[in-house]
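Here come two complexes built around subunit A, the first alongside subunit B, the second alongside subunit C.
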Partner chain A sequence: MRETAYWTWFIIAGIVLFCLVGLHMMIMHLDGLLGIFNPAGTVSLAWKNVLFRNKSLFFTITYIIMLAAALYHGFYGFRTILFELGLRKATQRFITVFFWIVGIGLFVFGAYAALAAKAMKI
Partner chain B sequence: MEKDTPPKCNIIFYIRRFDPEHDEAPWVQQFTVQVERGMTILDGLHQIKETQDSSLAWRFSCRMGVCGSCAMLINGKPTLACNTQILEVTNQTITLAPLPNFAIIKDLVPDLEPLFEKHRYIHPYIKRKDLEEMANPTGEYFQTPQELEKYLQFTYCIKCGACIAACPTMATDRDYLGPTALAQAYRYNTDSRDDGFKARKDMVDVSHGVFNCHYAGECSRVCPKGVDPARAIQLMKRNLVLDYLKLKRHKKPAHALKSSERVEQKPKVSAPPFTVKS
Partner chain C sequence: MGNVKRYDNRLGITGWLSGGRWGVERYLYFIHRITGVGILLFFMMHIFESSLRVFGPATWNAAMETLEHPLFKVGEIVVFCGFAFHALNGLRLILIELGLAVGKAEEPIYPYRSSLNTQRPLMVVVMIVCSLLIVAGVYDFFLGQ
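== the complex of A and B ==
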């Protein structure tokens, strides 16, 4: 992938994160005011509230999108910092491939956790 | 500052010296210069060389802010020595050093070769497919004043290296193309006569290219000619992203204008003759 493609997706991931972190703040910290997504009272981390969100298809999709955006945004930023150390081209290529493998691995693991929570029979 | 200063006064110059043949590291030498109104840093350096130390080295040519040879670090800011009045920047001491982010040839003389290498790398000239017309022109390429306005400010770049000296990305990444080359890439990409966007895309869309800019904006702040390289870099990022998303409109490059085609003759104003004979 060319740098323009990497950077474009980095910005898109940033915008997605901005929206989803805003949603997170509303649910976790402003629920006393807004009263949404927490049907069992205003304690966001109460078991019933957590269970409700885990069982919701909307939240499963949201968790997976947020995971992908956070991993991509974070690894791209880390890669940029490493590249500024004046690395050789071969090392840069190794870092890019390594981050793709680690990122995809973490994404699969995290997405499995979100899907397993959705499928949990409680 | 100039109003509070008497017509003549002594200013102390602290100049960073370095001769790679004799010195292991740069060192600072102090000179006292009698300064009067109107004297530039360049005049002060000439006075030092003529009356105090003939071994002092710096680079200069035009003395009027056009050639870009005399750029140096003046009181911590990279700018032109010929364009800086001493009494406008100080009434006591002045510190001079070679441009940062370049190797030092001697004293205040930086090695600008990397600047020119990167400048050459982005093909800073009109690139077109009609090679026959380029080799044997039959006219001049048509361009409206509005099309000229889009890139005009970037043509004022004199390649002095002040922007590179101020760039924090350049300080950590010597492979970074830098504001001079990137601004010129944008200048030619934006020129309506040019057709080299795709070729230059491959040059700037690399790991040490346009996306390495952190947008500190220092290049634009220090440019002695008022060019805004940071803006050029951000606009080029936008163009590359639009191109990647297939949203960029690629216009055909301007065609060669034969004789008086589409030219409106204003009464009593005679146009200059064509530079290319058809």
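== the complex of A and C ==
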């Protein structure tokens, strides 16, 4: 039952990522062609554009959602690949706990960065 | 590995690529896994690199200068192509998993109709869209150089 719940969240996270990372890629990697959410010119990594997105509540929220969804989707997918190698139950449990700890750690770090960037006084 | 039963025909990781006369979807499965692991590795680095914006414009610009190295530029294109493939192929897999792209269930009367008749055209469409996206991404990359 727990695995079914894990898998369902994996699919939901995938759909969320398709939308949010799709938007992220359009902003960051199709900046020359589309130029969306880059008010200071078409270079998406230029500080003024970065600052514009940092200060936007929409981007702060979507960055945090994207972070959670990407970490969950990525670690669950990697865990599935590892489990298919035929690991012992104890090793499987270790991997699950280890990925949860690393994932939560990275989430806290990334979410803090997004919130701190929003609160920056520049 | 004591309690894991092994079978003689177990292919392991090598089975991802060398399983025999597989259809193209099997190779997409292999690429999907490789791109997935690659994107996860990139993403973990990306969290740290993108958080440098917290330290202000000087640190950010210095980091971006470092990332101007050709090695990182090639990596950027590879990640974009990997993402385009993984996202669109993932969408195809979700559609199939949810039963939305496998055709209607029907009684098996000879000559049997395969659900591949529905899945294969979807795969072709998805790969065409993926190719167009990759072309747009690579074009945009050189546009900015």
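Convention: the second predicted complex is superposed on the first by the 114 of 122 C-alpha atoms of A that agree within 3 Å, B and C clash if a C-alpha of one lies under 4 Å from a C-alpha of the other, contacts with A are read in each partner's own complex, and residues count from 1 in each chain.
By definition in this document, contacts are C-beta pairs under 8 Å (C-beta built on N, C-alpha and C of every residue); 3 or more make two chains touch, one makes a residue touch a chain.
The model shown is predicted, which means the values in this text are computed figures rather than measured ones.
*Asks:* Which holds for A:Thr42: it touches subunit B only (first), subunit C only (second), both, or neither?
*Replies:* second
*Asks:* Touching A:Ile27, do we find subunit B (first), subunit C (second), both, or neither?
*Replies:* A:Ile27: touches no partner chain.
*Asks:* Give one of first, second, both or neither to describe whether A:Val50 is in contact with subunit B, with subunit C, with both, or with none.
*Replies:* second
*Asks:* Regarding the shared-chain residue A:Ala13, is it in contact with subunit B (first), subunit C (second), both, or neither?
*Replies:* neither
*Asks:* After superposition on the shared chain, which partner residues are touched by A:Ala69: those of subunit B (first), subunit C (second), both, or neither?
*Replies:* Once the two structures are laid over each other on A, A:Ala69 reaches no partner at all.
*Asks:* Tell me which partner touches more residues of subunit A in the superposed arrangement, subunit B or subunit C.
*Replies:* The partner with more contacted residues on subunit A is C.
*Asks:* Looking at A:Phe78, would you say it contacts subunit B, subunit C, both, or neither? Reply first, second, both or neither.
*Replies:* second
*Asks:* Just checking: does A:Ala5 make contact with subunit B only, subunit C only, both, or neither of them? Give me first, second, both or neither.
*Replies:* First partner only, subunit B.
*Asks:* Would you check which partner chain A:Gly86 touches, where first means subunit B only, second means subunit C only, and both and neither mean what they say?
*Replies:* After superposition on chain A, A:Gly86 lies in contact with both partners, subunit B and subunit C.
*Asks:* Please identify the positions on subunit A that touch both subunit B and subunit C, taking each partner from its own complex.
*Replies:* Touching subunit B and subunit C on subunit A: residues 11, 86.
*Asks:* Write out the stretch or stretches of subunit A touching subunit B in their complex.
*Replies:* Result: residues 2-8, 11, 80, 83-84, 86, 92 of subunit A touch subunit B.
*Asks:* Given the complex with subunit A, which residues does subunit B contribute to the contact?
*Replies:* Residues 169, 172-175, 201, 205-212, 237, 240-241, 243-245.
*Asks:* For the complex, which residues does subunit C have touching subunit A?
*Replies:* 1-4, 6, 10, 12-13, 33, 36-37, 39-40, 43-44, 47-48, 50-51, 53-54, 56-57, 60-61, 64, 76, 80, 83-84, 87, 90-91, 94, 97, 136-137, 139-141, 143-144
*Asks:* Mind listing the subunit A positions that touch subunit C in their complex?
*Replies:* Subunit A reaches subunit C through residues 11, 14-15, 17-18, 21-22, 25, 29-33, 42-43, 45, 47, 50-51, 54, 67, 70-71, 74-75, 77-78, 81, 85-89, 106, 109-110, 113, 116-117, 120, 122.
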